[in-house]
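Structures follow.
One chain, chain A, appears in both complexes that follow, with chain B as partner in the first and chain C in the second.
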Partner chain A sequence: MSAPLIIFFVLAALAVIGAVSLILQKHPIHSALSLIVVMVALAGLYLLMGAEFVAAVQIIVYGGAIMVLFVLVIMLLNAGEEERTDFSKLAKFGGLPLALALTGLLAATMTTHGASVPNPETAGALAPTGQISNLLFTTFVYPFELTSFLILVAIMGALVLAQREKS
Partner chain B sequence: MSALTSHLDGALSGAAGYWLLAFIKIALLLFIVLTVNAYLTWFERKVVAHMQSRIGPHRVGPHGLLQPAADGLKFLFKEDVMPGGVDKFVYLLAPFLALTLSLASLAVIPFGPKPLPFHFFGGHQIDLWITNPDIGLLILFAITALGVYGVALAGWASNSKYPLLGGLRSSAQMVSYELALTMSVVGVVLMANTFSLTDIINQQDSSKVGFLGWNIIGWHAGITQIVGFFCFFTAAIAETNRVPFDLPEAESELVAGFHTEYSSFKFAMFFIAEYTSMITVSALCTILFFGGWQSPFPAGDAWKFTHYLPSVILIPSGLWVIYDGIKYETIWGRLVLPVIGSVITVIGAALVVFPTANEFIQAPFWLLAKIFFFLFFYVWARGTLPRFRYDQLMNIGWKLLLPVSIVNVIITAAVVLLRHKP
Partner chain C sequence: MVPTQYYLILSAILFGLGVVAFVFRRNIITIFMSIELMLNAVNLSFVAFSQAMPATSGHKLDGQIFVLFVIVVAAAEAAVGLGIIILTARNRQSLNVERVNLLKL
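Let's turn to the complex of A and B:
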């Protein structure tokens, strides 16, 4: 087995274990930590695929900014251990079959198309940072700017909602 | 002997040698950095002591030089107390997280432009860095972004008021200052057009204009990054929780903040993490704004004499250590200090005798000299500045550093665009 393959299996196992533990953990902080493990493992997988920029952004945005806020909120609210509830009917009759269907679909697609992502010769060959930025600021400049506008509106909405309680 | 080396050459020519070399480099860098960390505590205590008209540590070893070793032993042999009611897993995870992340960031710091003048077994080139990715700067920011967890989780898991307050404070502080930290280097990235740390250094070429080529002056790009540097360094001090931004561990308010409930070596791990981040930040300041390993003098024969600067510094300081050692109070000191002094003098003299070695250490010498200056600056700030109030801290982060760094980005972008010739 080559080194990248070993690293891939380690990271993939980490991601899956993290995802399972995210659901099974009783304490919100432990769940949040499991989610961070998933994010970082995914970033490692991106790095392995040669998408360096995506990997770094994955850690900075998801692993850093967003999860820090999650952890901070859980700490501030001093949330205790969750209580286990019974399996809801919606999950039993709607969720489980849908999850199985999705897994089957993904597995079928992967087996038919095989390894559609080429193994890059050098790091960063798949999605070089310069190429991504060129695409973002030329071809996709309008969707990109509109997305940032949307985020700005969302931030302002959050501000308005937070301010209203004062008066 | 030659049979052994040729055998090793054959065995290590492929991936095995590559991995072995990487592990050796990592182990060596860890050893060096941890030793430097230990002596950084000694240096800090000495400098702060002299600023406050004290002598500082001087009992353990000559001039207190063995104080770090004594501290380390004490950390190892102290009772490891775990308070009741803590979240065990997270409590143990936090110091590991803090230490690993701060040490991991050193992996992308380049320490010199040229590989060593000889090859590793199997013909592998020995570069002065562990890895040099195209996105070195982004990786550093990714690691910094994760660095919050060590402190925040330590505060939360300790199941105690003061650590929790310290952890909350530091999370808020680090999240706020990360914005300014990231925005302030965008100017440098715009000028260099890359995230690679070695390329950023090479772009600040000093071979013609000397230190004017550094980003802090910005001769090549036509705009100074002094504002960016101010924002970056301030935010970086806040990011490393050092004075005057050490609110998370404000003694007068929070006992010791997030690490109040940590004892023995777990406390030491937070300490080592803090000092390692200091080294990383100093290296980053040097690389981004002060030309990295670029000499402040232009290249060329007229400035050749500046290449003897390492010797000029090493030989007199070595001689001074010998002189100081001969008249030292204790016999131990009279034995050890002259030996240390002779070693320093001999290294300095050797650099004069061997010009190739002297040429090779020029770049690392300047990099380390600048890193040392910033480390001194850290200590200097600690010795002189009072701590900010919490509202002042937040105001500086959000209302001063962030807008100023955004303006800096806009101006730099405009200048880069105007001077850009398609």
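Let's turn to the complex of A and C:
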């Protein structure tokens, strides 16, 4: 077993354990910490695939900014343990089998149709960040500029939603 | 070298776990986190396909660009969504989605 394969299985196990822990934890703050484990493991996988810039952005934006926002809201709302209420019958009996069926279907489709996907020929070659920025500012410049509008709208939306009502 | 399909299967598993969390959790914040988990699973398959793309095609890095856009949209979504969550918690005095039932018959 080669070194990249071992690293892959360690990180994959870490990600799956984190995701399962997100489901099983009762307290939302524990779920948030589990999600951070998943995101860091995924950043490691991106590095393994040679996507160094995406890995850095994953840690900074996902593991940093977004999760800090989540933890902040959990603390702001003083969220306690989740209260148990009865599931609807559909979720109780159909939820798990249907989710398993979805996962199986996705995995089966990926493996059968992905069989033609070639495996990368060079191991550990890093994607040049300069090329990414070149693409971002030439081919993808319109979507890139549109994201600035999106963020502007999101900022205004968050402000309008979260402000206290003036009586 | 890790075969591309391993990444795709891991991506499918993570997406399935995200769906399970979305269906079975009652806390609105945890449900929101499971959405982020599903977005991450999709990002993983994007990067895997990008890595598998032959360099001669000229589109090798497109998948990574898509991931960057997905991350931007996820950040915007998190900001607005958490604003909505704060508003809901303030109005309903609860984070349980079962209590958000004004439109229910």
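Here are some notes:
Convention: the second predicted complex is superposed on the first by the 134 of 167 C-alpha atoms of A that agree within 3 Å, B and C clash if a C-alpha of one lies under 4 Å from a C-alpha of the other, contacts with A are read in each partner's own complex, and residues count from 1 in each chain.
Please note the rule applied: a residue touches a chain if its C-beta (ideal position, glycine included) is under 8 Å from a C-beta of that chain, and two chains touch if they have at least 3 such contacts.
Keep in mind that what you see is a predicted model, and the values were worked out from it rather than measured.
By the touch criterion stated above, A:36 is placed in contact with chain B alone, chain C being left untouched.
Legend: residue contacts after superposition of the two complexes on their common chain; A:64 is shown touching chain B, with no touch to chain C.
Of the two partner chains, chain C is the only one that A:161 touches; chain B does not reach it. Contacts of A:76 after superposition: both chain B and chain C are touched. In the superposed model, A:49 lies in contact with chain C only, and not with chain B. Chain A has more of its residues touched by C than by the other of chain B and chain C. Applying the stated contact rule after C-alpha superposition, one finds that A:3 touches chain B and leaves chain C untouched. According to the touch criterion, the shared surface of chain A, contacted by chain B in one complex and chain C in the other, consists of residues 53, 57, 65, 69, 76, 123. Remark: chain B residues 15, 19, 87, 89-90, 93, 133-135, 138-139, 141-146, 148-149, 152-153, 155-156, 164, 167-168, 171-172, 175, 178, 195 touch chain A in the complex.
Against chain A, the residues of chain C that register as touching in their complex are 1-21, 23-27, 29-30, 32-34, 36-37, 40, 43-45, 47-52, 54, 60-62, 64-65, 67-69, 71-80, 82-87, 89, 95-96, 98.
By the touch criterion given at the top, residues 2, 4-5, 8, 12, 15-16, 19-20, 22-23, 28, 31-32, 35, 38-39, 42, 45-46, 48-51, 53-54, 57-58, 61-62, 65-66, 69-70, 73-74, 76-77, 79, 82-85, 87, 91, 95-96, 99-100, 102-103, 106-107, 110-111, 114-115, 117-121, 123, 127, 131-132, 135-136, 140, 143, 147, 150-151, 153-155, 157-162 of chain A touch chain C in their complex.
Only residues 3, 27, 29-30, 33, 36, 40, 43, 52-53, 56-57, 59-60, 63-65, 68-69, 71-72, 75-76, 123-124, 128-129 of chain A touch chain B when the two sit together in their complex.
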